[in-house]
Structures are given as C-alpha cells and as structure tokens.
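The structure that follows is given in the form of structure tokens.
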C-alpha cells in the first residue's frame, strides 16, 4: 500500500462504476481522472458531460483545474448552453454522475450548503450545490467520493443539499424523484454500497480494517457479509492514473 | 438593483466589471448567477451585496469563500440574504425569464432542503399526472453582464466556449452590458447566428479585452489558478480582505492598470492570444 | 413514428428526406413542426401521414395546401388527425421536451380556439397568482431531421441562418439525422459552439448539400419561389398531385437526379455558393 | 385614386401605426412594406422581428417573398432561435404586430384555421395560425390588414385562431390575456378602429363610401361620428413604396 495513494485507490474504484457507452456527469479532480481511466480501459465509448455546457467524447489531453479551462473547451464534441446538458439529465439520458460533499449521512444524503442548525445563520457557510443537487436528483446512479472522517460521515446531515435516499426505504419515490440515488460511496478508507437506501461497508482499503472504518464513521456501521479488502489497482491502471496526473496533484493530495 | 454576472460559470467572469462596482461603492446589489467563483465573494466582502441568488458561492480553486462565510456566519461586513439554487434551477429560472414564462415546473431538487428553504419555490403536483414537481419562478435581472471575446459597437457579441446560462440570463435581463474586444461590425454581424444576445438589449459595450482575469476566456487567455489560491490565503481575515482589495481593486484606477500590475504573470497566461483564423469550406 | 422536420420554418427544409420517405412508402407518420411549407403537404398527399402537430400547413408562396385540404375536407388519400399549435406553442412544447420538463405554462393562445381543440393542452390557473395559463405538454419526437450547411462525419453540424425551433426539436427528439455537406471535423469542431445539436444524438449524417430545394439554405442557395407556385397549380387535383410526385419524386432515384432534372434552374438560384471565408480578428 | 392602388393605400395607412422606437412583429408582403415605409419616414429607430428567429434594425435591401429569404438573413442584427423573439413577445417587449386572416369578425377575432362548423371536417382547411395567434395574444397592439369582402368580414368567425376582443367588453382580461387586441383593421375599402372591442369605421378609401363599406361588410356596420375619406398617400410616401416594390408585386396584386 505504501506506493498506492488513497487518491489512486479511489480513482481506480470509481472508474469501475462507469460502464461502456454510458453518459456520465464527470466533475473535476478525482472523478475526472476516474473518467479518463475508464475511457482508457473498459469504457472507451463513454461520454462525459460538464455542467457548464460541454460534451466530450475524449477527455482533455492535459490535467484540468476547472471544467471551464481552455483545454476542456478545445476539441469538445459540443459546447453551448448549460440547459442542453441539464436537459439530458432531466430527460433520464444520464446514467451516472459523480459528486462529493462536506457531509454525508447513512442514507447517502449530502450537505454542501451549511454546517449548523440554521442555514441562514450557519456555523460554516459552505459554497452550495452547484450542479450537485441536480445530479443527485436526476442521474440514474450517483457515485460519491469523499475523504473519510467521523465529522463528515454523520448520522444525519444538517442540510440535505443533494438528496440520497432521504430517510431510506421508498423515500425518493415519495418525494417525487423518479429514479437514481447513490450506488456507491468511495472514501479514503473503504467502499460502501447501498441496500434499501442504507450504506453498507463492502470493502476496506489496504491498511484499514472494518474496525478502523467503524471508528471513523459517525453512524452505526453496517457491514456486508462478504466484506473484504479493496483490490489494489493493477500496474496498468496505476500507469494510466500517473500518466494523467504525473505530479500527483489530485491523486496524492495531503500525503 | 439585480445583476446576473459570471453566468458562464468558471470561465469568462467579468471581474473588471465587479471591481468597478467596488470602486464606485455600489450598495444593496442582488447578485444572480450559478457559480461566479470569487467574484461574488469579493462583492460580498466589499459590502456591495444585499442578496445572493446562486447555486454556489466560494472559490473554485480553494473551496470556501471567506467573505461569504463572514457575511453569513458573523454578519460582516453586513448580513446578506441567500436564495439557494442549484445550477439547473437557476438556469430554469432565467429560462422562464427569457421566454416570459411565470415559472418552469421541474423534477430537480425534489427532496432537497433547497426546495424547502428558497422562499420563491413552490412544491406542487402536476396537473397532468399528479406527480410531484417543483415550480421555479422566473428571474428577470435588471442587468446581465457578459464578457465575450468580441463585440461590435452596437452590442452584437460573440461568446466562444461554454455558455453556461449566459444566453438565458441575457434574454431574461431588462438590459445587458458586454465587455469585449470591440471589432468592426462585419466580423460579428456577417454571421449573426454567433451573437449571444440581440444588440437591441445591450445598453453598453465596453472595450475591455482583459476583463476576465483571473478566470479564463477561451482562445484569449488561460485561467490564473494560483491567483485564486493567493486570494484565498490573503482573505482569511476581514483585514486581509481589505488589504487585498486596496491592492488589487481600489488601489488601481482601471483594468489597464490592473493588467500592468500583473505584468509578466499576465503574459504567462498566453494572454493576448487572439482567435486563430477559422478555416471554412470554400 | 414521429418526425420533427422543417423546424427552421421557411428556409432549410429537408425536402430530400421527405422525398425519400415517399419513395420508401413510409406510412402512419406523425409530422411535427411549426411551418414546413409544402413538405407536409407532399407527405400528406402521398399517404405517409397519420397525424400532424403543426402551427401551419400549406404553401408559403401560394397559400392553401391542396393535399392538406383534400385530407381534411374529403379524407383523401386518408383521414389525418390534426393537433393545432401556434409557432410559440409548438416551440414551447419542443423546449419542454428538450429540457425534460413535462410542460410549459404560457399566456399565449388564451382565448384562441386552438387552446380548446388541441386535446393535449390543459387550461389552468397559476399556482403563484391564480392568473389563467395554458399548459403546453412536452413533445419528444422519435426523430428530428435537420438540413444544415456543413457537418462532420460524427454529426457536429452547423446551421447558419434563422434556427426557428431546430435547436429545441433536435434536443427534444430521441435521435437526429443531419443532411449537409460533410466536411472535415476540424472545420466544425474547432468552434464547437456552432454545432446545433450534440453529435451524441445524431444517428446519421447524410452528404446531401442540395437537400433543401425548393426552400433556401442561407449562403448556399436561394429559394425557388416559382417552384412553389408551380406545385400549387399542378396539385389542384389528386390526379395532378400523383403526376407531380411521379415526375419529381418517384420518377427520380435520388437527390442528385432531382438536381440534374432541375438543370439550369438550380444554377440560377446561386446554387453551390458556399460559405464566404470568415474574417476573424487576429 | 386611379394611380394609387388599394395596396399602396393600405401600406401607407399601416405604416402610420408604427411609432418610432417600437419593436414590431413584421410579417411579409404589405406589412413588411409598411415597416420599410415607417422606417424611412417617421420611425427610423423601429426594430423589426421575424418569428423564425431574426431581428433587423434595417429592412432587407430587396423585396422579400418569405421572411426566411437569404436577403433577410444577411446583415440581420441577430439570428437564432424562434423562442428568443417569441420570448420578447411574451415578456411584453413587442408593442405592435401585423396580422392578416381569411376571416375577421366585428370584435377583431381572426380565423386562419378552417371554414365550417367542425374544425376537423372543414369546408375549407386553411393553413393555420403560424405565429399569428401568438402576436394576437401577446403584442400590445395588433394591426390587421385584409381584403374587404362580405364573406371575410363576418358577424362571427367559424374558429378563433387569433383572439381579438372575443365577445367584446373585458373578454380579453377574463380569458387571461394581459394586454393587446386589434387597434386597427385596414381593408381594401376602409379603416376601422376598435371601441370597447367593437369595430367602428373610421374612414373609407377614395372611390368607396360608407354605404359601399356597409354593403360589403358581414356585420351591422358601426360608423364613427367623424368618419371621413382616407387620406391619400403623399408623393414622397408613394415614391418610397414604389421604390421598394417597383413591379407592384405585392402592392398592385389583382389589379
């Protein structure tokens, strides 16, 4: 594990969530690298959407800092109004989307708006939804990537910016969401799947353990019966990740 | 006065315009836009803002916006009202404004606390099938401010690169102001499809080709990523913000002086890279 | 199958596509579009059409469409269903389809018998202020057919000139087909803002630069006004229409033969005038 | 009158309805020529909208047959989606619009859809609304131009395609229309104004008379107390009309 960073492990896991031929809301940083990795391995015909109004069939050739950077515009397949790509999302044409957040709860609800009981007088004013709430509302599957921290994985978030499974069960259907919800939560310590709208630990990363994950999770941990250690990325996968992010700008942060 | 600005999201943000608003000590503005990066943070910190209707306020490179935090957490330099949106909901609000509709019915944000806390939204059921829906009322800004690559003197302006909600914002607004390199009319007008907003709506065209630094403008200059980090570090305290504004905004008379102050850093962004000649079939 | 076609209104109507539909004896089509000039009349006369959702069906030069009249007045060659729209209502129906909305609430057509007789519309009152409104439900055609000046092989296509509801129709449709002059990708893609529809939606690109005669295509050829009058005179009777179709559609194997048949008349429309080189700032 | 056609007279009358600085839905044929005339005389800063998605500050230099003709596209101020110009209409930014029809009734309702009691089994299937119903619904003022014929000026139209004043009085407000309605009806025989949603003859063209108009009108004619003969166009106005339509293609039809 010493020479594979948590970021690299998360990227490798996230890339597996993209299936070939799918249309995916990509986002920046680790999700973007996961998209690049998926395109170069098992999902060569996946299409990437960027909410500011860009559609790409090939990722930009160089590392991006924001989705509006010029390399992401050049040779885009299409470039125009945001509503065209958001329209694809609401039409149900987007199979998967990536999202992160400051906080998540056991039902996969994400908070990126405000910490504290009163949104208008918060303890910490977070930036807000951006397109996150839209992706969480409308994409068929949500892939969540977050640092693992007890203050971030909470029993209940202060504000549901991006709806997961609400209070669990058929909550999404009841509030009017037609499909979607988180299919996976990938953290710096492990991978969760969702069963009946509840997060269940599916694997812990090399160097971590079920107990370690439990100690760093703010809700009563549910563990899959077949929980196992997260598979290490192959040499080929690492080569692709490191080729795209040679300085480890995004994949080796904080190490 | 309500102003839609930075509507292309991360690129093409008219910082030159915001800085002039600060220099002129404008007050009680309503800012409208999905994600305007640190432009909103600066106007909030300078005390120009009474309300924000946005999907995101912060610093795209560094995360949190310190001035936005101080305003909401401590009421400094003043309390501001926030009407939360998502990118899609604010896009639909501006679309409704653009076509003169009272609202748009959408399925986004159902179950989100944004739907609950934005007082302008209305949860409803579809008159067609009884399904739940969120009604997003129109936003019609007093003014939309667009930064474009080129414009003619009449206001026909071409924005290359992602549009975000710029088109909808310009049509929804009562008036528009364009910041761009002013070029002869025939360049823009000979292909009128390229104009992002009818010139009839444009009340001013400002010749300001470097208006967007530190954000990027497709084909003209790159984004100055480090500048965003520097701003983040410098503005952790209100005093630090005041110093930053004194150095970069009130301490310079205009955009030309700002760009001169940037010096070689400006050139390093491939600045002044203009359009490449376009190959057209012939 | 439902097809949105002729969505730029008077210009850029893909007659070549309609003629091939007639040659292939397609049946039970639903035609969608604001004003498709005599294209709809021809498909109706040829018995291809079960339903029309349109704002106008006729002959822009001559007025009435004889085949449309025979279908509605006499049920010849078959009865067709009509769902009346105005230009704005069908544009909003396609816009709703494009953004995945169930409907758009509008103030147009209130008091018009169109609002009363189109069974898809619903009159309602605004949940915001109780004012009357008309709810126009989304139209999502199976296919949108666009004629453009240029496209690349992947489907990135540029439409110069008025767009009508072409953009909304392409986004609302499940798939799109583009008829154009196919050019190398870098010409269209290097300015991706010009593509009218994401290539991801385009299932076929047809190299057919003369696809729009007798309608015009901006910068490529003029409208053949007299052709519309000739069609009007020739199709006063069903027999006359059959003869016209035999001469101009079933009697020619493809568009190339059609253009050869036009002969000097085609050249007289400034045909083959391609794009002028665009002057860009540099 | 022998050397001034009814078309020229109608164009001259119609042009007066456009005020300087107004934004106008233009249409084709006589209305377009009226717009050209107004621009060249008293309304130089009027703006013309064409529903297929064109905005012009200067009319096309040559005679148009359809609004999509290439000369109307070249040097347009703006060219793009229809919804942008229809949006201006619904936003209340369009002061006036021109419209014609197969039939009109005393309340200014226009039928361009179908003659006969049953719209789906009509005696004559007319082409339909186009943008006419939108302009009639949403423009501040409607300028109607039609040939004068007893079968066209009817007590009641078979189908209201473009709403005028409905049954008169406050009908528009009751059905939800915020403003608008016909301000003038210009025919080949005379000019009508509307009072409380009712057509009132304001002037009869030279060569016609009140009785002539009455004999050719399908409703019980109301005549203004100050009814008079329609003013002939000035030599300058005729020069402009004939300069734009030198063959009389639109202004001398049927003569």
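So that you can tell them apart, the chains are marked A, B, C and D in the order they are listed, and the count of residues begins at 1 in each.
Going forward, a contact is a pair of C-beta atoms (placed from the backbone, for glycine too) under 8 Å apart; a residue touches a chain by one contact, two chains touch by 3 or more.
Small disclaimer: the values here were computed from a predicted structure and weren't measured.
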Higher-contact pair (C-beta pairs counted), A-B versus B-D: A-B
Interchain centroid distance [CA atoms averaged], chain A/chain B, Å: 26
Inter-chain centre distance, chain B versus chain D - centres from mean C-alpha coordinates, in Å: 42
Whole-Å separation of chain centres (CA-atom averages), chain A against chain D: 58
Centroid distance [mean C-alpha coordinates] between chain C and chain B, Å: 36
Per-residue overlap in chain B, given as positions that touch at least 2 other chains: 92, 95, 99-101, 106-107, 131, 133, 160-161, 163, 190, 193
Interface hub residues of chain A, defined as touching at least two other chains: 73, 79-80, 83, 86, 89-90, 138
Those chain pairs that satisfy the touch definition: A-B, A-C, B-C, B-D, C-D
Chain B-facing residues of chain D, complex: 23, 47, 55, 57, 73-80, 83-84, 86-92, 138
Contact footprint of chain A on chain B as seen in their complex: 8-12, 34-35, 54-58, 60-61, 63-65, 68-69, 71-73, 81-82, 84-89, 91-92, 95, 106-114, 117, 131-133, 160-168, 215-216, 218-219, 222-223, 225
Parts of chain B lying in touch with chain C, wherever the complex brings them together: 92, 95, 99-107, 122, 124, 126-129, 131, 133, 135, 137, 150, 159-161, 163, 181, 183, 186-187, 190-191, 193-194, 274-282
Chain A residues touching chain B - in the complex, by the definition given at the top: 50-54, 65-70, 73, 79-83, 86, 89-90, 113-114, 119-134, 136-138, 159-163, 166, 171-172, 175-178
Residues of chain B touching chain D in the complex: 98-101, 140, 154, 156, 171, 189-190, 192-193, 195, 197-200
